[in-house]
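In the two complexes below, chain A is the common chain; its partner is chain B in one and chain C in the other.
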Partner chain A sequence: MSTTVDARGLSCPQPVILALDEIKKGKDKDIIVLVDTDTSKENVMRAATSQGYRINAVTPESEGYRIQIIKS
Partner chain B sequence: MFGFFKKKGAEQKEKQGKLFVDRGILVFENTSEVIQAENILKKTGWPVRVMGPPPEIQRGCDLVIEFPLIEELNILRELQNAKIPPLEVVPVTAPLLKPVDLFHTKDFGAYLMVRAANMKITIAKEGLKIVNISGGGCPDVPYLAYQMVGRTLEETPSPKDLGHTLCGYALQLAYEELRRIC
Partner chain C sequence: MAGKNIFASRWGIIGVGAFIGILAPVLQKLGNPGNMGICVACFERDIAGALGLHRADVVQYMRPEIIGFVLGSLLAAYLFKEFRPRVGSAPIVRFVLGAFAMIGALVFLGCPWRAILRLAGGDGNAILGLLGLTFGIWIGTLFLKNGFNLGRTQATHTTVGWILPLTMIGFLVLMLIFPQVQDQGQNGVLFYSLKGPGSMHAPLLLALIVGLGIGFLAQRSRFCTMGAIRDLVLFGQIHLLTGFLSLLVFAFLTNLILSQFHMGFAGQPVAHTMHLWNFAGMTLAGLAFALAGGCPGRQLFLAGEGDGDAAVFVLGMIVGAGFAHNFGLASSPAGVGPHGITAVVIGLLVCLFIGFTMRRKIA
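After this line comes the complex of A and B, so read on.
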């Protein structure tokens, strides 16, 4: 079971904060983060890695990227 | 008689106080001149501060240096010697000539963001760990972020030791402001 965080349309640092809030809840090992800019993608990936998550997949979508992060 | 000296002393103190608060701003052509001038003037011991330009100033770059007006001649001589004379020296005499604070702080609940010029640092309030570095557009920003994200304000290397661009400089200002607040 995965949780999806929709951070599209938000400016920095809000996508990172939303992703970290979900990570902190610790309910799911598998989190999907939707972002719409390259900068948000990089920032979310960096923040997730620093929290002990690994980037499982980054899929370009029509409105940006779908980032799947998994607890290592 | 003692009353006279007391009054004279109070006048002198008031005058000194007024002189101390009289400020001026130095406007430069570009930000690298601002950075150089700040370094030189701080090394010499003058109480200067990098700020944003006031709305009425149309010339120069996005940063100005605020300085004590009483030191104008000495400071200009120092800058002439260093071959970085300012474009303009403006006494701060009206509200529209007041330099603007470079910092913008935003509270996101568990997180705190400080922006200085074009760079932002966000930390988790609990543990003071850096969770995000963003802004800029300079080539060293990804490297700065890589080095700093995940570290606490205590642990992280200073941006001025890592960066080589205006973004690194602005990030240093934001970092110093966070250190001051937290």
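After this line comes the complex of A and C, so read on.
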């Protein structure tokens, strides 16, 4: 089971805040974050890595990216 | 597109900070005002003056650096396939935040970029400004922690993303049609300063090229002076901060080399020594930038990559500069303007109102 965080269309620093909120809940080890800019993609990846998650996959999806992070 | 963006790495952002830190004092050497090699707020204010939105005759010049920032970012965004036209995240609120950010910055006499350049030039008053900026951003992070947001953008027509870049191209064309004429305060529709900071500027072509270069690199690296402090306070992250500090260190060293470093509080170029209002002006600016999600430079770079809401913030700043000089809100080296203090208080109240009331859960 994975949780999806939809951060598309949100400006800095909302995507990171939403992703970190989900990480802190700690319910899922597998989180999908949807973003629509490269800046948000980089920021979410940087924040996830700093929280001990690893980036499992980044795939282009519609107008943005789907980032899958997994607790390592 | 899947390739690594080296400018978004630690050394990338440090390199971009160094690039700006070296070139800003060089622009000052080439003619820009003291400790104002680059100042996004001041330069947008000068643009407002050049267009006649205010008639403060010492601050009128169509600054090519600003034009370059937007167009350089546009170029980078297209080259790396990051141009994404988008709009619709509370534009009117961003306009108001832009206007009050400008008013706060003009009470201090500089945006965060100039605050750090003033410090790098030895101006002690900048310390008060930077403390105020940090305090304002800290208030902003409290709102962010409590769910403040401006809502989502929507993808839109390419034209929407092009409006501000086209406006900037229009400004450049105006400058070429109506160039500055020696000892003449006006040529066609453009106003020029004969004295004061507006009369001091680097050669057009050089200023434009430096602006384009910084715009390009800042788009790639996401350089943001407000984000530098916000990310530290909010997440304990120092990524953007390293770029900001790199700018400080390299600007300081360049100033030493160019003999532009003069330490002190009194008699600093385009600065006043009213500590409380240096602090409070930047508190207002910092809070407005934090709520709007980017420093004035970052808003220009975002506008260049298609963000129509950032473009509205930029227009808010330019109009805010008009208000600031028409209604006696802006400071001068003599101190705060007749209505500067009132404007800061009103601005803070407006920002608090926005911060407290826009907390609806994101759909």
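Keep this in mind: the second predicted complex is superposed on the first by the 72 of 72 C-alpha atoms of A that agree within 3 Å, B and C clash if a C-alpha of one lies under 4 Å from a C-alpha of the other, contacts with A are read in each partner's own complex, and residues count from 1 in each chain.
Simple rule for what comes next: a contact is a pair of C-beta atoms (placed from the backbone, for glycine too) under 8 Å apart; a residue touches a chain by one contact, two chains touch by 3 or more.
Here the structure is a predicted model, which is why all the values come from computation and not from measurement.
Peer 1: Should chain B and chain C be called a clash or a fit once both complexes are overlaid on chain A?
Peer 2: Overlaying the two complexes on chain A (C-alpha atoms) leaves chain C and chain B clashing.
Peer 1: Contact-wise, after the overlay, does A:Glu42 reach chain B, chain C, both or neither (first, second, both, neither)?
Peer 2: both
Peer 1: Report the partner of chain A that touches more of its residues: chain B or chain C.
Peer 2: Counted on chain A, the partner with more touching residues turns out to be C.
Peer 1: When the two structures are overlaid on chain A, which partner does A:Ser50 contact: first (chain B), second (chain C), both, or neither?
Peer 2: After superposing on A, A:Ser50 lies in contact with both chain B and chain C.
Peer 1: For A:Leu10 in the superposed arrangement: first (chain B), second (chain C), both or neither?
Peer 2: After superposing on A, A:Leu10 lies in contact with chain C but is clear of chain B.
Peer 1: Taking the superposition on A as described, I'd like to know which of chain B and chain C A:Leu20 touches: first, second, both or neither.
Peer 2: Both chain B and chain C are touched by A:Leu20.
Peer 1: State whether A:Ile70 touches chain B only (first), chain C only (second), both chains, or neither.
Peer 2: After superposition on chain A, A:Ile70 lies in contact with neither partner.
Peer 1: Which segment, 163-171, 217-225 or 343-351, is the chain C region that clashes with chain B in the superposed model?
Peer 2: 217-225
Peer 1: Is there a shared patch on chain A that both chain B and chain C touch, and which residues make it up?
Peer 2: Common interface on chain A, chain B vs chain C: 12-14, 16-17, 20, 39, 42-43, 46-47, 50.
Peer 1: Where on chain B is chain A touching in the complex?
Peer 2: 108, 110-111, 113, 120, 122, 124, 131-135, 142, 145-146, 149-150
Peer 1: Which residues of chain A touch chain C in the complex?
Peer 2: For chain A paired with chain C, touching residues are 8-14, 16-18, 20, 36-39, 42-43, 46-47, 50, 58, 60, 63.
Peer 1: Can you list the chain A residues touching chain B in their complex?
Peer 2: 12-14, 16-17, 20-21, 39, 42-43, 46-47, 49-51
Peer 1: Would you tell me which residues of chain C are touching chain A in their complex?
Peer 2: Residues 1-2, 5, 8, 80, 82, 84, 86, 89, 144, 149-150, 152-155, 222, 224, 227, 230-231, 234-235, 237, 239, 293-294, 307, 309, 362 of chain C touch chain A in their complex.
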